[in-house]
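See structure below.
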Amino acid sequence: MTPMTPTTQIPDRYERGLARLREIDGEAGEQVVAGLADIAPDFARYLIEFPFGDIYSRPGLDLRSREIAVVAALTALGNAAPQLKVHIQGALNVGVTREEVVETIMQMAVYAGFPAALNGLAAAKDVFAREAAG
Amino acid sequence: MTPMTPTTQIPDRYERGLARLREIDGEAGEQVVAGLADIAPDFARYLIEFPFGDIYSRPGLDLRSREIAVVAALTALGNAAPQLKVHIQGALNVGVTREEVVETIMQMAVYAGFPAALNGLAAAKDVFAREAAG
Amino acid sequence: MTPMTPTTQIPDRYERGLARLREIDGEAGEQVVAGLADIAPDFARYLIEFPFGDIYSRPGLDLRSREIAVVAALTALGNAAPQLKVHIQGALNVGVTREEVVETIMQMAVYAGFPAALNGLAAAKDVFAREAAG
Amino acid sequence: MTPMTPTTQIPDRYERGLARLREIDGEAGEQVVAGLADIAPDFARYLIEFPFGDIYSRPGLDLRSREIAVVAALTALGNAAPQLKVHIQGALNVGVTREEVVETIMQMAVYAGFPAALNGLAAAKDVFAREAAG
Amino acid sequence: MTPMTPTTQIPDRYERGLARLREIDGEAGEQVVAGLADIAPDFARYLIEFPFGDIYSRPGLDLRSREIAVVAALTALGNAAPQLKVHIQGALNVGVTREEVVETIMQMAVYAGFPAALNGLAAAKDVFAREAAG
Amino acid sequence: MTPMTPTTQIPDRYERGLARLREIDGEAGEQVVAGLADIAPDFARYLIEFPFGDIYSRPGLDLRSREIAVVAALTALGNAAPQLKVHIQGALNVGVTREEVVETIMQMAVYAGFPAALNGLAAAKDVFAREAAG
């Protein structure tokens, strides 16, 4: 995990977003950006600028809560497995514990059904195993 | 708001769930239960026992984070407006600030699109106005 | 409710579909068709021909099971309240009991979450009340 | 398939649920439970207790209809392929015919679109092939 | 409808976005922005800057096609009725004909089911009626 | 790509649909039909007759716009990856440019979130690569 810089104070959206992306998603975030280079390079820029430069850089909600919200939403939607894994790792990167990740996903059984929670738990298991291996 | 009892220590699922439901959802929760009386009374019992007696009573994730997760998920799913409003109020009841509710909903623009976030903000506006009026 | 004609034996798709639509959805079905007259009359025809003339007229699954499947799916999707109500009435029209409708919807709590089931039960309550009143 | 015990009469939720899970989902159900052991063992218990011990053990809707409802809903949602396969097998286990499974999935083309139905049919094909092979 | 200015050439994201928003969504767009003033003013700014200043201002896809894509997507998702209406009007504002709007929505019956298309057509009927009245 | 025949003038739904399917989806469409032969042959017929014989054969919206609408909707729904790929290729087959496909998918970030758009772009990348290789 990258050492935290006070990203909310970097004036430029792109620079601020890139720092935030690295802080939260680490290598996985940079791979997403790299993967866009030959098909939609502008979209990589938007991804850095709007979600990370604008939204994730706002005060008013701590990063831990933001990542819990994202893990919850992606588990509930159930149609974006790669991004769910990136954000389970992202949650761990910003200090959410494994237990909290698991509790967040289990809670989704109530709001989006058991299959959504089961698939979310399978994603978490995969991320935890990769982290232990790496 | 009901004064908090250490609900996690109530041994009976139903009693524990009912206390938790009152703590989180307040009157709105009791209205949901009452509304089920003539069509599916057992479902009212399940609602108290499983989500509130089992899930919300678990240690391992604080109530504030649980409600942030639920507001995020219901905003992202975008198909359960009444429950979203109950849980925006529920989030406020357990100590999430209005600003944090708004930030959580705004974050969903990134993960579920601007319409989902706009409809979530409209729900929040409605809940905040009713709270101010009541 | 219209007396049943052996619709599966009507050779013409449109005629067969219209008879099937009346048998299942009754007046509500005819209102849907009428409501399309000035905006998309061809779509009214497709609605009669494909879902009702083709699919609902197939042997291999009885009408009761078809309506249970549709009530389940529309409850789970949670984004088509008017059609869910039409098909709760449709289920009753083809012999599904109120208790079976309620059980089908409650089952969806497991697969699509409690909010989906709660909104499905509210739709059923509304249909049952209108039926009692009418 | 496990010989049926009158599961609705087992007083304990967990025992009743476990018997029901085995009756419906067979080995696949036990694998799901086993897969949760190291990441969320409590969730395995909830899965047995609430869906199977509470919901599937209710009178008022026969098991065949419950499985038709679940196959319909998971086909329509389209975001839980592993669970759809488990429940296609589950439907067969409780006496739904292959033809009825296929009809249920085809019906979803009307309510959730052709892609949902096509992916549901691909899942059924896979389950039928595995059953024939096993 | 506002007379078109070559919005892609306005250098500032906010100014460019605001011009684009007015061109596409007209009054309805400004009302959305105004409605955010007291709950999430920054979100109004993001809405202008990212969707309209960045995305809608890109060359490479004409505005008519962009609005057809949005009407299709919101019809298919089926959970954002207010935004669907704004964009049906938006499509008309940028030169999509009523017939093309209706065809786009009907096409969604194939990809998201008949209920989604029926609810989309009801939204279109409403927008067309209001336009005729206004 | 098959040479175009004026498919809208073929009187028979099945023949007209088959010609349309070949024109739009090419080999991939025929593979879908072939894959249904042993599990649901009637569904293959419906697929040809209703979506292609009825809907895609209508005047009132050009094929390019229809495919843009479908790529948008399937990207937004995010739960039908195989069909999204077929229709990205289909869009190219009827004259939509790669740039227009990419713009359509990017636009979905606004209406269904960044994960939906990212997964849509990954699908496009895959289709473009296969086309270049083939």
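We just call them A, B, C, D, E and F in the order they show up, numbering each chain from 1.
FYI, contacts are C-beta pairs under 8 Å (C-beta built on N, C-alpha and C of every residue); 3 or more make two chains touch, one makes a residue touch a chain.
Because the structure is a prediction, the values reported are computed rather than measured.
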Chain labels contacting chain C and also chain E: A, B, D, F
Maximum centroid distance from chain B, chain identifier (CA atoms): F
Between the pairs D-F and C-D, the one where more C-beta pairs touch: C-D
Same-residue or different-residue interface between chain A and chain D, half as cut-off: different
When chain A is superposed on chain C by its C-alpha atoms, the rotation angle in degrees, nearest 5: 180
Far-end chain from chain D, centres as C-alpha averages: E
Distance from chain F to chain A - Cα centre to Cα centre, in angstrom: 32
Separation of mean Cα positions, chain F and chain E [Å, integer]: 24
Junction residues of chain B - those touching two or more other chains: 42, 46, 50-51, 55, 58, 74, 76-79, 83, 102, 106, 108-116
Interfacial residue positions of chain E with respect to chain F in the complex: 50-51, 55, 58, 60-61, 64-66, 68-77, 80, 83, 99-100, 102-104, 106-112
Of all residues in chain D, those that touch chain F in their complex: 77-79, 102, 105-106, 109, 113-119, 121-122, 124-125, 128
In the complex, chain A residues that touch chain E: 42, 46, 50, 54-55, 58
Interface residues, chain D side, partner chain E - complex: 76, 108-116
Partner chain E, residues of chain C touching it in the complex: 32, 35-36, 38-40, 42-43, 46-47, 51, 74, 77-80, 82-83
